[in-house]
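Both complexes below contain chain A, partnered by chain B and then by chain C.
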Partner chain A sequence: MEIVKAVTCPVCGSLCDDIEVVMENGKIVDVRNACAAGAAKFLNYNCEHRILKPLIRKNGEFVEVSLDEAIRKAAEILANASYPILYGWSSTSCEAVRVGLELAEEIGGVIDNTSTVCHGPSILSIQDVGIPSCTLGQIRHRADLVVYWGSNPWSAHPRHIERYTAFSEGRFQKSTWRRYLAKIRALIAKKKLERAFKRIFFKREISVPPHLRYEPPPFLERKERKLIVIDVRRTKSAEIADYFIKVEPGKDYELLQALRMLIRDQEIETDKVAGVPVEYLEEVADVMVNCDFGILFFGVGLTMSGAKMRNIDAAICLTRDLNMRTKFVIMPMRGHFNVTGANVVSTWQTGYPFAVDFSLGYPRYNPGETSVVDILLRGESDASLIIASDPASSFPKKAVEHLAKTPLIVIDPHMNVTAQIADVVIPSAFVGIEAEGTAYRMDHVPLPLKKIVEPPEGILPDEEIVRRILVEVRRLKGIGGS
Partner chain B sequence: MSLKPKLKVTLLTGRTIEQGVGKEHGKSSKEYLESVSICYIDPEDMKKLGIKNGTNVLVSTDYGSVVVKAVKSKRFPHAGEIFIPYGPWANVVVNPETDGIGMPSFKGVPATIEPAPEQRILSLAELLKEQYGKG
Partner chain C sequence: MVNLYPKREFKVPIFAECINPEIFEDKTLSEIAELEVWEGNKRKKLGEFFKIEEVKAETEEPTITLYGDLSRIRRIGTKMRRGIIKIQGDVGMHLGEEMEGGKIVVRGNVDSWAGSMMKGGIIEIHGNASHYLGAPYRGSTVGMRGGRIIVHGNAGNEVGAYMRKGIIKVYGNVGQFVGLRMRKGTIFVAGDAEGRMGACMKGGKIIVCGHVDSILPSFTIENVKGKVKVEADEIAQGPFYLFLGDLTENGMGKLYVSKEKNSHLGFYEKYL
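Let's look at the complex of A and B:
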């Protein structure tokens, strides 16, 4: 038995780098410290859905081909296209993204990463108003107020709370884990009592259990680390919070602006904003102003609904307002493990973080026009290469329709939904398990991804596959040798 | 003939831990498919629709309609709001409009929901064939 320590988990943007992988005879048999999603990746990456041979669709059916043939076919498709799109990149290494950018420039295509349907609006807004932020380490040690807005870390970034915020043991801030346990115990006891009460007196269901109604939150007065969750749904994260605010769907913008007003000591002349009584907002505003170091994490709940990027404008402005009274920072909860890296590398190389169009021979950036979903909705692209991503399961139907209509190349370790409608499928190694690389955590800290096991025979990492396609494209166009 | 109950609701889509785990099992796995072809509904709304946990329901928006399995939400109350995890089923009904910034509206789409016990949930391959003619 051999244990590989300090492995970085290649699943979500928390990029936990304390994973221990237990090996036996060159195989992974156990994983320590990871959450359910992380462990599932290490233990199941080599499942039956793995693609082991390159595939090309001939007469409507997939046929196994050699890697060389698949690469040649992919290069032909891309070299002959006049407006191809290269999309994905957030679940692969920075090194692969770098080669991808080179390929995009060579073929005059559009290169876009998954932030376009995730935190794209956040980036637009950050470009407009800037962002006061910091690293997760600082938050762990210093933040005494943690706010998650439109984000459900318990499900999407399962160890975020434990490693970086409320349940982490910081140098200057204690974990609130015990307080949460006490609260859960009280809640269970209360529920039991209620059930007994119901059985005896009512024999019918009470529609809203009293513990789910808004109640003045006594715990907000404590001088300890506090956790506030603001969301449209009562998520698991909301349940562990000291205070949960349920905002009406699409009304985050109103709520953010209302908080800004309260923080600037302005009067609000209604009883409720976005379905939330103003008195509760006043309390939350108080807690925000009175904290020593607050952090607002926002998720795609803010970027995907209602005012989209304007929500983020408002959230950043709220943080700016708060900084006139105390110290407050803000950070997007990035989803895929290296979506931040995809943005960073793209920015180094082209000046722009996503949706970069090379069709005129130089990089152009105009989300709404050069973003992949819009190109697909307008039906403009004539070929696509999808790498380390699954747009057929994450884009709206109308966009996928055009993707399926034009020649489609997929590079992925798994037979994902997009691969099933592809014309060329090239299997790749799992970066972070079977290949090395670099990834950026959500707070822009770069971390190394390890190679723990050998990939199946004949399967290359993304970087290598894209490079080979690039070489073949250049050969077809009669430029340079290798 | 009795009139079928139909509810006007707001559709939210998002991530769930089951979907996150299912995804790592592979996108063709049973775990994944079962984790994304469902719809969380408030118990009150289920009563109004006259359906039980596990009944198939038809969710329709201006952009399409899809059959998914009703699951009683553990995180009620949220009457008037339904939740489908991200995935090929949710994509059939979300709003593709990006408002000029590249980002479709995945959350807060007006929808209707009605019981459809006689209709079955398509398998992934069937869904792809039906929607995109490939797969």
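Let's look at the complex of A and C:
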């Protein structure tokens, strides 16, 4: 039995790098420190949905072919297209993204990563108003106020709270897990008492259930680490929070602007904003102003609802306003493990983080015009390469219909929904398990991904596959290479 | 005067910055047909897409008339300074981008970013306009700096974002964020607005004659006015609630909202 230590987990944007993998005879038998999502990937990556041979669709049926033939076919499709799209890139290594950008430039295509459907609006707002941010280590040690807005880390980034925020033991800030346990015990005791009381005296519920109570608890004033969750519903993360604000769906912008007003000591003329009484907001604004180091994490709940990118615009302006009174930072909760890396590499190579259009020979960027979802919805593309992503299961129906109509190349380890409608399928190795590379954590810290096991025979990593396609495209166009 | 008829249906986006009266002027038909156009990533000639005809001019101004579905053709009339473009049909993005003078008349719908960053001239749209009407490109904080945009149908989100000068009139309804972060200029909406009018505006004037769901909490009521001036010879009949904002940006923009159509905003009157 062999233990591989300090493995980086290739699942979510938290990119936990303390995973220990237990190996036996070259196979993974156990995973330590990982959350359920991470453990599931390490233990079950080699499941029955794995593609082991390159496939090409001939007369409507998949036919197994050699890797060279699949690559030649893919290169032919891309080299002849007038407006090809290259989409995915967020669940692969930075090295693969770099080659992908080279390919996009060579074929004059549009390259876009999954931020187009998650944190793209955040990026647009950051370009409009800037971002005051920091690394997660700073937050672990110093943040005494943590706000999660429109995100549910307990379920989506399971170790985020434990490693970086409320439940982490920082140098200057203590973990609040004891308070959480006490709260849970008190809740259970209260429930038992209420039930007993009800059985003896009444035939109905006597008190308002806790999730309908709005007023901020008095201990929000205490000088210790606090957790506030703002969301449209009471999630698991909201359960563990010290204070939960339930915002009306799609009204986040109003709430953010109201908080900005209160932080600037201005009067609000309405009684309620987004369903929250202004007097409660005043207390929250007080807590925000009185903290020593605050952090606002926002998720897709904020970027993809109501005012979309303008929500983030307002959230960043709120952080900017707070910095006139105290220290406050803001950070997007990135989803895929290397979506930040895809943005970073794209910016470094082209100047733009996503939705880069090379069709005129130089990089052009205008999300809404050059973003892949919009291109597909308008039905403009004439070929697609999807890598390390499954848009057919997440894009709008009309977009997927167009994706299926035009020649489609899929590079993925699994037979996902997109691969099932593809014309060329090239299997790839799992980055972070069967191939090494670099990934960026949500706070823009690059971390190495390890190769722990050998990939199945004949299966190459994404970087190598894309490079071979690039060489073949160059050969077809008569430019260099062999 | 030149007429353009599309030869086939367009699938891939086409960038045709050359469709500009100034460029067409003093050119023969064969020279016009040689002008450079991009179809996706392929460099082509204008003559490959359009049948080009010369007809007797009705006016002195150089005029181009386009017919058919042009919804894939982008950047028509970019940076034009004079002349007239008439479009009988739908047209694609970036119509009249950075235009400085002249006139564009569209008898159809227009895609996003029409009149983006324009400095002068007139764009008249008889159908609907899409999002970002008169707004700048991504990341820029300088929007429309002059000129007029008149839309007889509806418009999408962020009409007149970052506006510095000029006037936009929409006779239908508009989406969210009319006049986002505007500094000066006038936006007139005869129909309803979806919400968040004048978010983060610092100055300028927005007039909404129809229904609005709510006013942003960062606006304060100032007055009720009977009539509001739209431009030199046009007055909007009220009464209107006058809100000032956006206070989060220390702005003093004026937001006029019809009193008649918005009885649910009546509670603001107690602060008058």
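A few notes on this one:
Simple rule for what comes next: the second predicted complex is superposed on the first by the 463 of 482 C-alpha atoms of A that agree within 3 Å, B and C clash if a C-alpha of one lies under 4 Å from a C-alpha of the other, contacts with A are read in each partner's own complex, and residues count from 1 in each chain.
One rule holds for everything that comes next: a residue touches a chain if its C-beta (ideal position, glycine included) is under 8 Å from a C-beta of that chain, and two chains touch if they have at least 3 such contacts.
Fair warning: this is a prediction, and the values are worked out from it, not measured in the lab.
By the touch criterion defined above, A:C47 lies against chain B but remains apart from chain C after alignment on the C-alpha atoms of chain A.
Once chain A of one complex is fitted onto chain A of the other, the partner contacts of A:V4 are absent, as it touches neither chain B nor chain C. When the shared chain is aligned, chain B and chain C each come close enough to touch A:P367. In the superposed model, A:V471 makes contact with neither chain B nor chain C.
Judged by the touch definition given at the top, the superposed model places A:H414 against chain B, while chain C stays out of reach. In the superposition on chain A, A:Q257 makes contact with chain C only, while chain B stays out of contact range.
Looking at the superposition, the partner that touches the larger set of chain A residues, chain B or chain C, turns out to be B.
Contacts of A:M23 after superposition on the shared chain: neither chain B nor chain C is touched.
Once the two complexes are overlaid on the shared chain, A:I268 sits against chain C while remaining clear of chain B.
Looking at the shared chain after the overlay, A:W154 reaches chain B, while chain C stays out of its contact range. The interface of chain A with chain B overlaps its interface with chain C at residues 124, 367-368. Contacts from chain A toward chain C in the complex involve residues 81-83, 107-109, 124, 127-128, 253-254, 257-258, 260-261, 264, 266-270, 273, 307, 310, 313, 317, 321, 358-361, 365-369, 379-382. Listed in rising order, the residues of chain B touching chain A in the complex are 10, 12, 14-17, 20-21, 23-29, 36, 44, 63-64, 75-78, 81, 83, 86-88, 91-92, 94-96, 98-108, 124-125, 128, 131-135. By the touch rule above, chain C contacts chain A in their complex via residues 11-13, 15, 38-42, 72, 93, 112-113, 131-132, 137-139, 141, 176-177, 180, 196, 199-200, 214, 216-218, 220-221, 246-248, 267-268, 271. Of all the residues in chain A, the ones that touch chain B in their complex are 11-12, 36-37, 40-41, 44-45, 47-50, 116-117, 120-121, 124, 152, 154-156, 158, 207-208, 212, 232-236, 238-239, 246, 249-250, 300-301, 303-306, 308-309, 335, 355, 367-368, 371-374, 377, 390, 392-401, 404, 414-417, 420-421.
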